[in-house]
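In the two complexes below, chain A is the common chain; its partner is chain B in one and chain C in the other.
For the complex of A and B:
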């Protein structure tokens, strides 16, 4: 049998699959030849632009008012300012462009026709809009610093404030103080060398932020953990910046495609309890990490929250591009001439791809054969709710933690119990003592009870083979510094944390006779 | 380099690295932790009661061979008081099932357990070879999967057992969680991590290997010198499941805990109440009495399609409509015998579920 010759045998070539369902004409206006195919439907450029704006507004606007489902047709009145997280990638660049056109420049091409000139829709929604960029170049060797390029990109749009941060700010007590918090906590760190995650004091004092970051990353057990940790640090830096700028909303440029990837990646890292937060999240700072009132009051005089009490501040994280795929974002960027700065891959010599990278490659590949995959993933996850009780917030990522995860882990993988003496089942002797989850006999303070499942897994789950560190020459420390918000909560004795049994982890004080008597008094008989 | 000592007993020489935890341990400790974790799974979920008659779904592959061994061991060690049976389904695939059924027959001798083999031919009048001859290699996994599920229940009813245990392992469950999310099967996603499923009209079915890694099952069989048949089905594999499996293997290579982390995720969410309300209510098939989401169960629809020469009838909605448009089923259509749950009342000890305190 020989290979077919396509020039002489028409059957030798496989028929090319049509990319669209019916005709090449736009499915909306019907008479113009289409410019883009979105999941088998053809659109022309003129119909695509309003369609994308409609999808963007439809996702964002129901979340603008403090009461999400309240009447919003007449007015959008957010409780504070707006913070936009910009990474320099496609999604966040398109998001910034849309925010600017729809809510700052009030571009007529983005407004629905009905309503008239004086419709409240034509008023500015957020009084102040800030763009925050977190530069991660110091986390990886040889990565280019893009802060200036990003600043130039932001300067294309007027009336925007720009806040550049660096990833090591997560370990910077000066930054923490700048955001209005107190940084008067002791030099405590965690030992990442074994699974106990013991909290110990930093023998050489608190390192500088860059050293702290690199030591922390170098001590993590897998490439997945490094990627995930940087995502967490970035997210929490953005949340605290939102608080600092009196923003009620933090908008992220997560497209439908990236949301599907992060949902599957989250599930693969044990974050099923937080599926809801991946789509939309209401974040409230811990009482001990809230800005001190005098700092906040300065902002309140200028912000939209004037006259309101600040102590119950929440930041609503919204992903307004969650119904818009990567391809649609790319088309918008192309037709709007947006100069995308881009992002570098988070790699270092010898590193294997982590779960996030594998998931992204897998989903994008699957989408070629099954075009509705990303939309199906997002819709399916939208039908899920967390199961079980919440046990406070994770000390590292700030998301709700599920109760009982350590007991679950202990039950399904035995890690420390020695085996009983071998018993021959046929000798009629008594059966071995049944196994119960090991009790925590180690009373040394540990970070474990204050972590959610995915964060605990991030810090403890190891690869089968040793993993090259991004900073092999970084000083190896047995105890590594923690992000400032974690230190702040530890310094406050993880107050407000109900798990486990409200135990105090940092203070070990000897109980006096009188105190003990006070506890057991009702069980004591009179002399 | 001096030999490493076992991370669990700190005494014997470590001879393996546990795929699940990465710990280097000795053989005896491996047997101990593997068996004890399965015991913990059984006691935590209170799967059995003393006196229960339990059928082990036995295919002759690694999972069911190890399951039969572990169930027998734990039943004796912890005095569960179970009466164990082997139940095999013969799909009728020449060259695929023949050898593995021999393994099952050997297990019957080794473990002294009664064995029941039920064939598709006996139950449905069709072997998988005959089905593939009619419909081709595409979609035949649908037939095999639907027919096997019913066949296990019917075999269990014949054996008059209370409970079927299957060898589904942690890898299978993690793969199913991913697959159900990716293809939007919300009903299955809601129940795929349950260790035990039981409807009103079905026999209790559970997965004691829910948290056991596939690699550890193989390791257990290897060290215990259990023989089994590793045979890939000769008909086309389910392409979508194949994608999910390859992805899961990549995840496991990146971080071995990924399998258990996915299962944890699956257990940590549930279907929202308002979505549950829109799910189809389970009913009973009017033709064979088996549980069904429609008037006719999937197996009856598939069988009718085969008998009437329209085999894809239950695979796509369009084909189902074509079948309906073709008129009602002929009177003399071959059907599946009426399903009845094991109803013979048996005297059972009035004790509570098998717990860790036995």
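For the complex of A and C:
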């Protein structure tokens, strides 16, 4: 059987499949004509609103109490305040609207029907809610500063504190001190020009935050690395702000669609070990960068010793829109009259789209044609359990690092190859084996042992083609400044913590035939 | 030639491509020519949503057409509402426009 020709045979074209099942009526109330199709199911506007609130609450509330997934018979009692990350995009704007209606204004339309009027669920959950916006306009040329628009947007809602940050605060010691930490560490930087990532001192002293940011971005090897680094800097700035505002929860407006994008793009960049952290994570600051001693006075009456309780400050990062697709967010925003400020694309002259941009285009197309597939991606990733042990936290992104990745990387990759010896066809010997050249520079302190696999790859994986920099004039420094939290940990490490120089150093060298024979001699069979 | 009047709204940041103006009132022809091979008689059909999308691209759009139109329809990630109802329930691009219709285009591309 051959394929028909659609120009001559109209029946040869497949019938276009309807985007909804059976009827146009709402699947919940049955008799009203539907307004929106969500993964083939039709909902009317009146049923859509409570459905979305239900999905939001169902995702968020099990993680509000310190013990997650515990019985929720009692009221929701978080261990601290709430910080909401706002980017100005659709997801985070919808998130803020939902937080406000459900937990601040206590809007009746968003309350669950069961439980009665005085049910503890209807009380205010977080005492203080702060909104944090990180302005990234200084990272890319020609981008508009939207801080004022965002501030206006936040002012629509009462009782919210607003903390505007700038992306260069990640390199600002003054900001670090404002968060309650000491900034008395030496001027150290890293050489991003080769993959050994040697830690060196900044010869010209610590640059101003904006210069440091632009130099850092310009020294990164690919557009993907620039995008990923901005995301990491933003995330860690938010985490430290959560700590500063005594927040136990940081909420992000990652929708189902955005989560599918970040999962796939993360795996593509080597972050498979952190696939769980993309959905939900618990972040604890490093001991050396904690702002205050972790001892709080409890109001227990029996004795001063018992009254002191060791508290490990933890920020739980939750994405309450992770069951809600981008289309549902757009419909909620439209029907709730939320003015979306919007985000600009992270582009600069000559830049090619990175892995994140390409993945987003792919997932959006997939969602359009096969709406359920995006949900399948997220559910499948939710079943993954990373293999391997955790070996501390990455000094750059703060996520768990997998043990032994550098040894594994050294085993599987050819780092450098000596020039091949002149070919001798009569020799018949095996081709030369590539070896890593023995070098004295390998013993110098490097950032590598402190990094997780994806961050190491982000800093070192080079493109075969030349990459235009967003700030070509800034790409002059051979040693670039690091984010303040990285500097703080490196500084603490130099003062007593094990430094990479103290650790076991592995050097690969080519072994002579006689030496090799000496080692295996006792296992050789006699001729 | 008769015309139909429509109210067009843009949301979610899509208005930035249309002179940063959220609401527009437009009039388009009720019947539009169907593309046919050269030499054959010109045929017409009632104006549909696909025609409107290209009309908006050619008459109202100010910049970056690739962010609005792709492969003969709106770009993936743009939600279209016809009189407050998802266009997927109305036949998408084949929906025949009526006088007084309100068509909303909302971009979902502004991430989290």
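Throughout what follows, the second predicted complex is superposed on the first by the 430 of 527 C-alpha atoms of A that agree within 3 Å, B and C clash if a C-alpha of one lies under 4 Å from a C-alpha of the other, contacts with A are read in each partner's own complex, and residues count from 1 in each chain.
Following the convention adopted for this analysis, a residue touches a chain if its C-beta (ideal position, glycine included) is under 8 Å from a C-beta of that chain, and two chains touch if they have at least 3 such contacts.
Model, not experiment: these values are computed from the prediction.
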{"item": "Touching partner for A:354 - first (chain B), second (chain C), both, neither", "value": "first"}
{"item": "Contacts of A:258 with chain B and chain C, given as first, second, both or neither", "value": "second"}
{"item": "Partner chain(s) touched by A:91 [first = chain B, second = chain C, both, neither]", "value": "second"}
{"item": "First, second, both or neither for A:342, with chain B first and chain C second", "value": "second"}
{"item": "Which of chain B and chain C A:472 touches, first, second, both or neither", "value": "neither"}
{"item": "Which of chain B and chain C A:34 touches, first, second, both or neither", "value": "second"}
{"item": "More chain A residues in contact - chain B or chain C", "value": "B"}
{"item": "A:364 touches, of chain B and chain C: first, second, both or neither?", "value": "second"}
{"item": "Which superposed partner A:268 touches (first chain B, second chain C, both, neither)", "value": "first"}
{"item": "Touching both chain B and chain C, residues of chain A", "value": "none"}
{"item": "Contact set on chain B toward chain A in their complex", "value": "8-10, 17, 19-23, 28-29, 32-33, 36-37, 39-41, 43-44, 73, 76-79, 177-178, 180-186, 189, 211, 240, 243, 247, 250-251, 253-258, 260-262, 264-273, 275, 355-358"}
{"item": "Chain A to chain C touching residues, read off their complex", "value": "19-20, 24, 33-37, 42, 45, 87-92, 252-255, 257-258, 319, 321, 326-327, 329-331, 333-334, 340-343, 360-361, 364-365, 367-368"}
{"item": "Touching residues on chain C, where the partner in the complex is chain A", "value": "11-13, 16, 76-77, 79, 81, 84-86, 88-89, 92, 104, 106-112"}
{"item": "Contact set on chain A toward chain B in their complex", "value": "222-224, 263-264, 266-273, 275, 352-355, 358-359, 362, 366, 370, 373, 376-377, 379-381, 383-388, 402, 405, 408, 411-420, 422-423, 425-426, 431-432, 434-436, 453-454, 457, 461-464"}
